[in-house]
Structure formats: C-alpha cells, structure tokens
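Next come two complexes, and both contain chain A; in the first it sits with chain B, in the second with chain C.
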Partner chain A sequence: MEMFFKLGYNSFQKNKIINTFIILEITLAMIISIIMTSSILSRFKYYTPFKDYFESKGVFSSFSFATNNNYPIISTGYFKNSLKKVESIAGCYSTDLYSKDFPFNYISYDDEIVNKFIPSLSEGRWINNTPEFCEAVISPNNENIKVGDTINLTSGDNKIPIKIVGMLNNNAKIAGISGFFGNNFNDKLNYNSFYGTYNVEFEENPLLIVSKNMKNIGYNVSYPALIKYSDDITEKEIEENHKILSGIQQGFLLGEDMKVIKENSKADLFREMLTLLPIIISVISLTIISSISVSALSTKKQLRNYTIYYICGSRWKNCVLINACQSLITIAYATLGTIVTIAVIIRTGLSEKFIFTINPTTIFFSSLILIVYFLISMILPVLIIRKTTPVTILKKN
Partner chain B sequence: MIQLKNIKKIYNKGKTNEFEALHDVSLKIDDGELIAIIGKSGAGKSTLLHILSCIDSYENGEFFINDTLIKNKSDRELAKIRNKKIGMVMQDFALIEEFTCLENVMIPLNFSKEVKMSSKEKTKKSTEALKKVSMDSMLNKSVNCLSGGQKQRVAIARAIVNEPDVILADEPTGALDTSTAKEIMDVFHELNKQGKTIIIVTHDKEVAAQCNRIIEISDGNIV
Partner chain C sequence: MSYIFKNIYSFIKNDKLIFFITFLCVLVSTFIINFSYGLYKNYVQEKSEIEVDLTSIWTLINQDETNTLTKGTLLDYLYSLSDDTKENIEIIYCTAYLESKEVDFDSYFEFRFTVKDNKIQKCETFEKNIMKNGQLKSENFFTNENEENGDSVALMCLRRGGKTTYDFKEITINEKKYKIIGHYNFHTTPIIPINSIDDNVKIEELGFTFKKNLNRTIFNDLKEKGGNLINYEDIVFPEDNEKNFYNNILLISILISLVSAINFSILYKYIISKRRKALSILRMCGCTVKKAEFMCLAECLLITTPIYLGSVFLFHNIMSKFLSKTFIFMKEAYSLNIYLALFLIYMIVSIIILSISINKTIKSEINNILIGGDGDVF
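Moving on, here comes the complex of A and B:
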C-alpha cells in the first residue's frame, strides 16, 4: 500500500498544475456547500429551538398590545393551575424592575427560553439561568452602557444591582417580543411570530434581558408564551383550555393552536427552501459533473503511465489503487485548503457579512462533497481501466 | 530458454471482425541468443512480442519460459514474471515524461515484492543500471529534456534494472536516426555479451543483420 501511495504522490506532484485546479475546485465546492448548509440551517434557526413545542399539542398564547394597568399578575404557575394537562411552558415575562437614572424596557425569560435560544450577541455572553449575581444582556444603546458595567435598579423596595454580561447584535432576533415593541404578528402565525427584532431607535429605551430566576424581582406573564400540553390531552380539554385562556381577561389573546402554528411554520420553511433549491441543485450538479470530468480526464491522462507500470510488473487492477491514492492525496490537500479558507473567512470577519456557520452539520455536508469526489474518482477509473487493456494502449501509441 | 508450441492468437473472437493474428507458431529461443523478429506491418510481430512479454494472452498452444508454462497464470504471477524475468523496451520509449531518469528506472523495483528494498538501495541499483547505459550523469534530469537516443538508453536501463534473463524490444531503433540506432544496438550487443537473451522486433534489415538469428513472420506464420 505504501508503494501505491508513493506512486500516487509522485504522479500527484508531477501534475501540479492540473491538481492545483482540482484542489481549488473541490475547496470552492466545499466552501459553497458550507454557505448553502449555513443558509438552510439559518432558516431553521428559529424553528429548531422550540421544535418540541411547535410539534406538540399546545397553544401559542400571546399578550395584547392593549395593556392596561389593572391586569392581574399572571404567572406560569397560574397557567399550570388553571389549564388542564400543561406539560411545560416557554414564557416571556415583564418585570417590575425600575431605574431612576435610565428608562429601560425589560424582558425576562424562564429556563426553557434561556436554555433553548441564544440571540446573536456582538459581545460578551448569554445570561445564566441560575445566576448568583443578577445579570443581563443589553441591546445596543446610546447610553454607553457596556458589557462589564453594573447598573443599579430597584424592584419594589429592593435594590438590585445588575451586571451587564452581553450585548445584542444590531438587528438580533430575540424571543418573545413580537406583537410588542413595535413588532406586529403576521396574518398567519408561525414560528417566526415568537421572535422579533428590538428596534432601539423606535423604542427609544434600551432593552434589558434578564433571567426569571433572579431573586427579589417581580415577574408576570405579559409577553408570548408557548404552552405544551401532555400527549394524552383530549380535544375537549384543549377546547376548555382555550376558553380559559381567552377569558382570563381582556389583556390576553389566545394566539393560535400549535397545530396551526406547525402547519404555517412548515409551509413557511418549505417556501424558504424552495428559493434555495435551484442553487442547491446547481452546486450538487456542478460538483458531480466536474468530479466526473476531472476524474475521467485524469485517468485517461494516466492510462499510458499505468501501462508502463503494467509492463514493469504491476497488476492492471493495482492501477486503480494508485489512482485512488492520488485522489486521497488530492482530497487531503483540498481539506487543508478548505480549513485555511475557513480560517481566512473567520479572521477577516467575512463570516459576519454573509451566512457562514461552522458546526457539525455544515462540516458534515461539506464533507459529502469530498465523499462524492472520492467515490467518483474511485468508480470512474475502475470503469475506464476495465474497458481497456495495456495492449490496446500500447497499440494506440 | 523460451519455447512456443503451436501458439494461436485470435483477436475479436466470436465477433464479425474475428482475426487470427498467429497461426500455430512454434519457436525455441535459447538463453543468450540475440534474435531479430522481422516481418511486414500486420504480420504478427508485435502480437508475438506481446505474448512473449506476458502482456497478452493466446488461445491455443503452449508457451514456456525456463520450463514454466505460461498459461492460466494468475494476474499476480504474470506480474511477477513481467517484473523479474522480462525487461521491455518500446519504440516510443514508454517512459513517464514527468519523471526523472532515476524515477523511471526505479519503477520495476517499486513493484518487486520478494525483496523489501530501501529507497537508498533502489537508488543505488537504478544508478548502476543507468551507468551501464552511460546515463548516470543525468540521474535527476526529467526525461522530457532528453534526446531520443538518451530516452531509449533510460528505457534500456529500466529494462535491465531487475536483472531479467530476457529483454524484449519492440522497434527499439524505429524512432532514432542511424547513428543513434547504432549506439542503441551496441548497448544491446553489450548486454547480450553479458548473457542476456535479447529479442528485437524490427522491420529494419540493418538492425536484423546485427542479430545472431533472424525469425521472419508473414501473415501470422513463421517462414
């Protein structure tokens, strides 16, 4: 095997120019595949975290914009006690935090949201759901509040110092602010309706995101909540729950049955995928066609050399192995080229300018390009080499 | 010793364009002979050479190399015979253009399986082979920089590097001018003196005249 590698490497080195182009082509295909996969994943970025809610029996409860000062304090406990067979809730809450120095808008999340969805941050880290010290993520602001600062707030009579641990990116989508803070629900509610972008110019005040687990702070459900029922809930119980939700008080709106949310979400995701489909098909086709042509050309070019190996004592079958070794070397260089390109894209900040994510899924799909190339570069030479004999090649020459 | 008994070779067997290239060819070549196989184009010279070099099969008859019957041999066994017992020299030199002289000569050593040779040993042996054909000063030169005569010398060095008993040459001077052709023939004579059996396929009467025995083939028969 070592000898085949040596011969493969020798041929690889002696055909530097053509191999450089092959490596560039594979590298490019891999980078495009990462971009494509990132783009597809980004479509699911807001669906996947709460997939278990969207795909279970449940309800998307939303809070009406028409708030008044008299609505009762509603907690998740209230939901759990008054509704039948509630399994879990992913809820967003308002707080009674107050600052005499700065006016802020506040939103707090329960564990379900803190754990499942991290918005895009420009700096720092996401909040911890079991903080020893009160901490918050802040929106970009004109008040020059930065990560690491501590701001002093009050909740009732309690003084609450809060440490800023992270800052949202401009236009970062966050959970639970749709239908509020200037965002409105779409006509058709779907997974996207659970999110919105906080517009600091429009809202004037910075937004503080805190965990609902902080002590000495009052919370109530005033933003959207995803409520998941147990699987064994009956249609009748669901109907009764919806009646309760609609009748809690004027401030609450029954958003939508999760069945509808799921259908609308799938339709929306499918629409998004359809727009990407032509590009996906083009990339896959180009990869396959170029792999076939490159492999066929390379094998044809090598046939004479394989004949020389044959008359010198190689088996005709072994030429396929030499070819495979050469392909493996090409793949190794293409992988290296891709790693370097990824590093350059990340280092230069280009990854922030377009959708470019490195994670196991994107790596897996870009690796498929290598697998496709390798399989083609294994199968095609076998077919070409089998179809001919050294004598035929000698006669042609 | 090489012996052929009633060798028959048919191309495209069973097809409409079936063609019998060799008809019951029988031949005996002793060790240390220098033989020319001559004949017109299409007479069956190259077919005979391909059978002798174990790169082509035959339909009927028997073919022995040193009393070993070359029939129904596995791929592996035939490869071993080509590697150890036979050295081939072709009209178009059959060198890998991108390789250096040394790398080309080293090819048969790379496929030798019995003795595990180190890279250093392979280089030494290849250099010695190149020295025998006076090409040791161009070890690391790419063969595409060489003249036709030099390329043929490298091809001969490759043919002898594994010290085979038999050297088969298919029109070895066909692509060379007269003086270079003479030089190449001198190399063959020298190798023959050292005990190698040399079989040269040619249609050049001057080349044939320099051999100890001439075998003429016409329409697939030895005449």
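Moving on, here comes the complex of A and C:
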C-alpha cells in the first residue's frame, strides 16, 4: 500500500499545475456546498424548532388576553386540564409588569418556547426560565438600556428588578408576537404565523422578553399558543376541545387545525426550496461534470505511466489504486484548503454578511462532494483502462 | 482557417468525452451567467418592493355596489381620526373619476389636502414642493378658503404626452364650471378642492403621507376607524438577515461560474497538450507563436460561441419561463441587448483567460517537444 501512495504522490507532484486547479475546484465546490446547505437550512429555521407541534395532531390558537368566567387564565396548564389528551403546549404570556419610567411591551414564554427557539441576538445571551433573578432580553431601544443593566419594574405592589441579559437584533423574528400585533393573520396560517418581526420604531415601545416562572410576577395567557394532542385523540375529542377553546372569553381569536398549518407550511417551504432549485441543480451538475472531467483527464494523462507500470508487471487494478491514492492526496489538500477558507471567512467576519453555518449537516453535504469526486475518480479510470490495451496506448503516446 | 476546422473536427471525433464535458461546461456557465444576472435584477426589484416606507401608506378600499367610499364617508372617516393622527398627516391624497369633455385624460382627477380642526385645508407641503421644483407654472395655488369652501377652482396639469399644458381659462367638471387658477407640470391629472365635489362622488384611491414615521398607535387608529371599508395591509417588517439569503445565492452563482471557468481551463489545457506535436511541426514549418495562439483561440471561440448561443436560446425559451414562476421579476430583466451584453462580457473574459492560458501552454509544450522532453505539462 505504501508503494501505491508513493507512486500516487509522485504522480501528484508531476502534475502540480493541474492538481492545483483540481484542488481549487474541489475547495470551491465544498464552499459552495456549505453555503447552499446553510441557505436551505435557513429556510427551515423557523419550522424546525416546533416541527413536532406542526406535524402532530393539535391546534394553533391565539388569544389577546385569555379569560374564563372573567378570570384571566394565568397558565397554559389550564388548557392541559380542561382540554382532552393534551400532550404539550407552547404558549406565550403577557405580564402585569409596569414601569413608571419606560413604557415597555412585555412577553414571556413557556419552557417549550424558551428551550426551543432563540431569536437573533445582537448581544448577550438568551433568557433562562428558572433563574434566581428575573432576566430579560430587550429589543433595540432609544432609552439607552443595555445588556448588563438592571431595570426596576413593579408587579402589583412588588418591586421586581430585572436584569437585561441580551439584546435582540433589529427586526429579529420573535416567537409569539404576531398574534397580538396581528402581523400575519391575514395570510393563510402556517409556521410563520407563529412569529413576527419587532420593529421598535414602528411599535414605539421597546419589547422586553421576560423569563417566566417568577413567583412575584403575574402572567396571563396571551398571543399565539401551539397545542399538541396525543396521537390517540379522536376526531370527536378534537371537536370537543375546539368548542372549549371557543368558549374562552375575551380573546380567543382563532383556532386552526395543525393539519392545515402543516399543509400550508409545507407548501410555503416548497416555494422557498423552488428558489434554490436552479442553484441546487447547477451545483450538483457542475460537481459531477467537474469530477468526471478532472478524473478523465487525470487518467488519460497517466495512461502512458500506467502502461509502463503494466509492462513492469503491475496489473491494471493496481494502476487504478495508484490513481485512487493520487485522488486521496488531492482530496486531503482540498479538505485543508476548505478548512483554511472557512477559517478566513469566519475570521474576517464575511460569514456575517452571508448565511454561513458550520454544523454536522453542512459538513456532511460538503463531504459528499469529496465522496462523489473520489468515487468518480475510482470508477472512470476502470472504464477508460478497460477499453484499451497497453500496445494501443504506447502507439498513441 | 481550414486547420482550425480540421482541429475542431478531430477534437469532436477523437475526444468525444472531453468534447461532451466541454459542451456541458459551457452550457452550465451560460445558464449560470444569465441566471445570476436575472437573479440580481430580481433581488433588486424584490428588495425595493419589501422595503417598508414608514412615511406613507396606501389604503385598501373594499368597496362594492352596496358599500362604497364616497367623498362624504371619506371626510367622516378623516374627522373621526384622533388628534394625534390628524396632526401627523402631512398629505391626504385621493382620486376620483369625474366627467369633463374638455380634457383628454379619461376624466381622472386628484385631490391633495390636509385636515386641521376638522376643516379641509390646502396642502402646504405639496405647494412648497412644486414651487421649489419649479413645477408650478403660475404663482397661484389654492388658498385654505378655496379648499374649505369648496370653491370651483382648478389647478391644471400637462396634457397627455406631458409636453404642453391646457391653456383654456375654464373647465367643466361634472357639469360645473371651474375657473383655472394656475398650471403645474408635475402630473397629467388636474387638481381641484375636495369640497368642490358632491358628497356622493366615489373615491377610487386614498393614501397618506406623514410628518414623522408611522407608528403602531397611528396605524391602529387609521385601521380601526376605517372599519371594513378602508383597510390597510399589515406592516410586516422584512427580517433583517433576509438580505443575507440573497447574498448567498449571488455568491453561489459567482462561485459556480468560477468553477466552470476553472473547469474549462483544465479542459482546454488538455486539448492543447494533445496537439503539442502538431503545433511543434507547425512551428518548425514557420508558424509564429502568435499565429499558433490565434489558431487555438479561434478554435476555442468557434467551439464555445455556438454552444453559448444555443444555451442562451434554451435558457430564454425554456429555463427563464420556468424560473419566472419563482422569480417573478426575472423575465423583465432580459432583453436582446442584455443577452448581447452578457455574451460580450463572456467572450471578452474568455478571450483574456484563454489568451494567457494558451500563450503559456503553447510555449511550454513546444519548448518541451523541441528540446526533446516528453511534452507533459501536467
């Protein structure tokens, strides 16, 4: 095996110029693959966190201020108890927090949302729902409230100090705000209807996303809520649940079956994917064309050497192995090139101007380029060599 | 020239696979170049469509035969708005179809005014703007009294075609004589005071311009008071990082073109290397390096040009029709001139890259052969 690598390396060294081109080409193809996969994943980033809700039996509800018999519903636990076969709920809350200094808009989330979806932050970190100290993430604001500041609010007679732990990006997409502000409800409801963008200039007041589960703060179910039923729920039970939800006073805005949400979401995501389809086809076709052409040329160039190896006692199979070793060396250099390029992209901050994500999925798809290249570089020599004889090659060269 | 065609013929005949790959390479490059351009134009158009302008807003008038927005209901709506909203409205713009035989603009009239203390007032901002821009051809504009009392006065516009103004002194609108007090050359629709028309005249369009950026309070006030008749599209702010998605698509397109270019270079290097012996003989027989370069370059262009043109034909007739379903502004981006410009860019870039590549390759290949080497440049 060492000999094959040595011969492969020799052949790699002899063809420096063309191999540099090939390495550059594979590196570019891998970077393209990472960018493309990141783009595709970005279209799913609002669907994936609550995928289990959208793809289960359930209901998408929205409340402006949920009350039952004129009492506010202070917990989504109410729905768990009154509705049949509820498995989990991702609900949003308004609070009774008040500030005499600054007018804020407030929202709090169930653990299901806090743990599953982190909005785009320009600074700091996301809130924790079980803190010692009440935490909040704030939208960009004109009040000069920064990350690290503590603001003093009141809830009834209680004074509540709240620590700002993060700041949202301008126009960041936030779970839950569309229901209250009515941003998306004119359209067909889909996964996007659960989110809204918060523009402080338009909304006038900064938004405070406050951690839930604090004893001294009053919470009330408001905004949209995703309710997931058990798989064994019957149509009749779903209907009964819908009747109970419709009975919620002052603010049950709508309830849409999750089946509809799922269908609309899939249609929306499909439209998004169509945008990328020409690019995807181009990348795939170009990767295959490049790999085929590069392997074909490389083999054709090496045929004379392989014939000499053949005359010296080597078999065609061994020549293919030498070719494979050369391809592996090329792949190693291309991988190194890709790592360096990624480091440069991240270090120079270019990754912030594009959607450039490094995670197992993007790495897997960029590795596919290498696998395709390697497989073609293994198969093509066999096809080319199989059709010719050493005598023909020597005569031609 | 005959050598060039012979070379092309032998290339197609002897290196079918390489020729096919070259063909695919040019085809993909052509598609990508044309697609990238269309995508860029689509993005620019889409970006301007999704940008939220918070200083002006158009209404959606939900009128049918039974429920129409008339001048009377419009004024009631405007008077019902909160003081803060009224204070912030800088221009109220609306249009209506009125009968007038003296003009050639389909009897389409516009109104620009403001509301102050529940009284219709002239639109000072519009007056200042057209005066500042030299668009008010006479010094006269409506007075506050004209607007409030609904005097029969009109500010005439340019004739259709936009070159001359109407020069008569009176105009009949809905069987009512209006005195022409001035001319402006900003639009081709005359302006008259809103109060000069009957309360039952149907309003076709309505829009507002604000002194400062629209906010949630004003928006909700406008929306709530409008009921079902005067509606507004919800303001959804485009997500901040959405532009990054388009940056990604553009970057991918550029990188794909780059990969195609590299691929083509690799392929052509191979073609030249196969011709090294023939080229050496030609050189020995008196062919200069420049002539040899020209031969290779001409051959290259003769191969790529028909493939490029064929690909453009396919792109225009099949691909762009399919793509325009997803990228709605893409089709408008293409014209014969654009295709020609893109072709020229492609050709110029190809000629530069190929000239450099051919020059270096020919010299090294021929030298290798002439000094007795094996001619292997790869």
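Here are some notes:
The definition used in the following text is that the second predicted complex is superposed on the first by the 379 of 397 C-alpha atoms of A that agree within 3 Å, B and C clash if a C-alpha of one lies under 4 Å from a C-alpha of the other, contacts with A are read in each partner's own complex, and residues count from 1 in each chain.
Definition applied: contacts are C-beta pairs under 8 Å (C-beta built on N, C-alpha and C of every residue); 3 or more make two chains touch, one makes a residue touch a chain.
As the structure is a prediction and not an experimental result, all values here were calculated from the model.
Touch criterion not met for A:L121: it reaches neither chain B nor chain C.
Counted by residues of chain A touched, the larger count belongs to C, out of chain B and chain C.
Contacts of A:V391 after superposition on the shared chain: chain B is touched, whereas chain C is not. In the superposition on chain A, contact of A:K6 is made with chain B only, not with chain C. In the overlay built on the shared chain, the residue A:K14 is in contact with chain B and with chain C. In the overlay built on the shared chain, the residue A:I308 is in contact with chain B alone; chain C does not reach it.
In the superposition on chain A, A:W316 makes contact with chain B only, while chain C stays out of contact range. Comparing the two complexes, residues 14-15 of chain A contact chain B in one case and chain C in the other.
Interface residues of chain B, counted against chain A in their complex, comprise 46, 50, 53, 55-56, 75-76, 79-80, 82-84, 88, 90, 92, 94-96, 98-99, 103, 107-108, 110-112, 158, 162. Chain C makes touch with chain A in their complex at residues 17-18, 21, 24-25, 28, 31-32, 35, 52, 54, 213-217, 219, 233-241, 244-245, 247-249, 251-253, 255-256, 258-260, 262-263, 265-267, 269-270, 273, 319, 323, 325-327, 376-378. Interface residues of chain A, counted against chain C in their complex, comprise 14-15, 17-18, 21-22, 24-25, 28-29, 31-32, 35-36, 38-39, 42-43, 120, 169-173, 181-186, 196-199, 201-204, 271, 274-279, 282-283, 285-286, 289-290, 292-294, 296-297, 300-301, 353-356. Chain A contributes residues 3, 6-7, 10-11, 14-15, 305, 307-317, 390-391, 394-395, 397 to its touches with chain B in the complex.
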